[in-house]
Amino acid sequence: MSTPDPTDARFADVGRLVVRCPDRPGIVAVLSGLMAEVGANITDSQQHSSDPSGGTFTLRLEFVLADLAGRRPGLEQRLTALAAEWGMAWRLTEAIHRPRLAVFVSRTDHALQELIYRVRAGDLRAEIACIVSNHRDLEPVAVGAGIPFHHVPVTSDTKAEAEAAALEIVSDVDLVVLARYMQIVSPDFCARFPERLINIHHSFLPAFVGANPYRAAHDRGVKLIGATAHYVTAELDAGPIIEQEVARVDHRATVEDMRRVGRYVERQVLAQAVTWHVEDRVIVDGEKTIVFA
Amino acid sequence: MSTPDPTDARFADVGRLVVRCPDRPGIVAVLSGLMAEVGANITDSQQHSSDPSGGTFTLRLEFVLADLAGRRPGLEQRLTALAAEWGMAWRLTEAIHRPRLAVFVSRTDHALQELIYRVRAGDLRAEIACIVSNHRDLEPVAVGAGIPFHHVPVTSDTKAEAEAAALEIVSDVDLVVLARYMQIVSPDFCARFPERLINIHHSFLPAFVGANPYRAAHDRGVKLIGATAHYVTAELDAGPIIEQEVARVDHRATVEDMRRVGRYVERQVLAQAVTWHVEDRVIVDGEKTIVFA
Amino acid sequence: MSTPDPTDARFADVGRLVVRCPDRPGIVAVLSGLMAEVGANITDSQQHSSDPSGGTFTLRLEFVLADLAGRRPGLEQRLTALAAEWGMAWRLTEAIHRPRLAVFVSRTDHALQELIYRVRAGDLRAEIACIVSNHRDLEPVAVGAGIPFHHVPVTSDTKAEAEAAALEIVSDVDLVVLARYMQIVSPDFCARFPERLINIHHSFLPAFVGANPYRAAHDRGVKLIGATAHYVTAELDAGPIIEQEVARVDHRATVEDMRRVGRYVERQVLAQAVTWHVEDRVIVDGEKTIVFA
Amino acid sequence: MSTPDPTDARFADVGRLVVRCPDRPGIVAVLSGLMAEVGANITDSQQHSSDPSGGTFTLRLEFVLADLAGRRPGLEQRLTALAAEWGMAWRLTEAIHRPRLAVFVSRTDHALQELIYRVRAGDLRAEIACIVSNHRDLEPVAVGAGIPFHHVPVTSDTKAEAEAAALEIVSDVDLVVLARYMQIVSPDFCARFPERLINIHHSFLPAFVGANPYRAAHDRGVKLIGATAHYVTAELDAGPIIEQEVARVDHRATVEDMRRVGRYVERQVLAQAVTWHVEDRVIVDGEKTIVFA
């Protein structure tokens, strides 16, 4: 029940390094050499080569380094030098820092409740900084969880102002999560949160893009319904997919039954995607993702 | 290894009755009354009401009736009378009869091999009457299994003649199975096998209709690939879905990996759909199916 | 968020009849005849014969009958007469009535939170009448959900008194749910709630009976962990199984990781089992269950 | 249908290195340095630390090195030197070499057929050198597949001689697979194939050890049945687990139904385990396995 102390000993001095560069022999040796030299103990390492020759190399390291915070500037300096040499993009994070999330909702609470539960349980190491909604229905949930709630009504006439207001509210968060927000956000909004804006779509994309996917699934007579968590880009429901899952339905299922069953798939898929994101396990690779699960 | 004797005692005197009619109170009482009256012992019963008021009622009964073959005409007479009274469509089959299948293939054998295996194992109670292919690659498989093989080459110029030849070959089969045939069959062909023509499509329909679904899935970056068995209708990949299943893939999967993983999903989905069909468990309901699994 | 009105129109006049009797031809005709005669519209029917000859026949009907409450006594009278004639046990419930549950917990809240969520969402049509715990940790959860909380400490010396106190508290509930209670209840307690006492065990039974199943699973090096919801009987972890599910783990998983992953399996399995129970879908059949899902 | 050429270009010059040693900082740097130095291009790398401090470090590299066969002696010399320095056990294989398997069967063919199919399809890069059975039932399968078949009858009196004869036959194979052999092999036999003897057990171990697991599963009323592939050790059904999977069953399933459903789980689990083994993805770690899937 209790929120784990952010100074949870399991995460003290735990660092995560994500690196991308053109694939050339020797890159692993150089990076692991650097880690050995600074005295970091690598506890997890995952890598991917998009193509052995001429592709992109992606590496995620998890390591323990005594006095990580103090030694970080030195490590960053070394990485900056390597980056120049190897054409390398990199990101270094400390596991002890919990990213700040803004969660956008409309009237249904299943996805939000799941995120709140997982944060409390310590399974999702993040802080829900605020909840934004175009309706007041879920304000009690926010209040009960001690999370600031912002009511930002949206009508077709006020869409631009509403987005501006929302942007103001979330200006300092690390990740925006659309947890069944039911509104299409503008390309400008997307551009403000590149690879930091996650949506849960209630279908197995690319099937049933757009509104009312459960009705469309019902009309098509599918035997499995699904949910997809993806980064939001300017094109509707077309951003890089992070996670998908399905559940079985049969001929007895009404649209309403599909919605009910689907809620449990949606909450699971979204929570998984957000957890991977905040643990620096998701790397956008063009129109796809690499997930070091 | 041995083909079970078609007079397998488990199936002797086992009958299956499938009934569809407008939903009216009393229909179950009338039908179960009839079964009781003739002395049939109902061993399985499944039913579905598309809508409690004004919908369609569907019932599948499995029963044991001593001397089923001999008493069948009498039972059919009674059903004909009820059909008139209740606006009822019905179908009565004897489990001892094994439907005859024609399997159409191209160059890959996984779906065909699975059907052959399941028939031999007695899990799919059917007889593969013939294998038809536009290539000779799988002739040895047919020969090895003792199944007549028909090579019917198809080119864009000879499509009509080829179909005519194929139709001739399969004129007396109960079910045509397109086990990765890779050719689009004509509306005329479909019309010859209404609700008796099953295809396996190598995607989770309605995603990735048409050719090269694994490439399309790879390009979209999906995290699950799927397969769909459906009845074939004039509209491509749009017929009633019988069964679907998925398998997990990750960012490492190439198109070729997806094809390889997908083969195991495809063979499972197709074999399941065909098995349900030959056991009279699939009832087409408009553009969907009812599956009494 | 809101609790659905118990007079939810979907459940008005919906009845459920569960019947068990020796399997004899004609029983379905008699029961469906009765339902037709009283004017009930059967909307769902599932049946099972343990053995076509000499076994037990089990039937579950869901039906709509105008003025069900008013006509119930008459219907019950008819069922009583049939029961005598056919050696039939039966149970008739009105869907509008929501069973009262007592939930026993210890210190972890995942299973409890899931039950609370599903009741609120209307997916589990029951009322959580009280929460009983040997610790005070989850009192805030109960208070937040507006559910009476009873702290009943248990030590090895006070086990009998504690159980007596707990029994007093739950004397009028319909179902007791052990949602990770972590205490073994006495045979006497079990006897007070025959087929009305559900436990979630955090393993795939019969593997890892008893305490610390995740540690045992870890030591054995299993590749899947599981959870089992079962009715509690006098013999530890040996009662009739209602539902089971598993989740994949790999060599990286520590005991703590298994606990974390397992929580999501446990909550799902327990909530499913309780939902089926309150919808009269689970029938105990000796040491097993029939589940009309 | 055709067996892929063992000189399949995809596997030319592809090497696999598996290394185990006490976990010390710098080991990755040293190994990746070596690979860079010899000009190998690492295409896949997976590692595991049993415990960041004082545990065992395990690494599997897949790499491409021009003229691998020619340069192997030099590489091995370097590895031998490193092994002394780091207390390192290692194994270097060339992907182009296909391990030789002996498959032991009794009367059921599903697991054997799956292995044959996957070898033919190129999904399992191995050669089935021989099939050994205590019965003649599956001789036609062996003959049809062009694989030598050895009939080695076993009775309680001739068990020792039979094993001796079998050992003679399989003396030069790389892996022995018990594909539903139904005989307990002696500790001596196990000792001859340490970590090279894989069995498929038809239950979700450790549930239902020993004979007749489907009957035991049926009697217990489980809702999922499973299969487990494991290395065989002297203790029955207690060796390191490689892979497990389950399938759903319900109250209708007879023991025979469970056997039928279970066959499809068994063949999948065994084939997966054997495939991982021959690709050097399974590392025995005490009583468990590390699987770099």
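We call the chains A, B, C and D, going by the order they appear; numbering starts again at 1 in every chain.
In this section, a residue touches a chain if its C-beta (ideal position, glycine included) is under 8 Å from a C-beta of that chain, and two chains touch if they have at least 3 such contacts.
In this text the structure is predicted, and so the values were computed from the model without any measurement.
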Fraction-based call for chain D against chain C, same above half, different below: same
Chain located farthest away, centre of chain B as origin (C-alpha): A
Between chain C and chain A, distance of the C-alpha-averaged centres to the nearest whole Å: 36
Centre-to-centre distance between chain D and chain C (centres being mean Cα positions), rounded to whole Å: 42
Contacts with 2+ other chains: residues of chain C: 252
Chain B residues touching chain D - in the complex, by the definition given at the top: 1, 109-110, 113, 117, 121, 123, 137-138, 140-141, 144, 252, 260, 263-264, 268
Residue ranges of chain A touching chain D (in the complex, touch as defined): 25-26, 28-29, 32-33, 35-36, 39-47, 49, 52-53, 64
Complex contacts: residues of chain C adjacent to chain D: 48, 204-208, 219-224, 226, 240-246, 250-252, 285, 287-291, 293
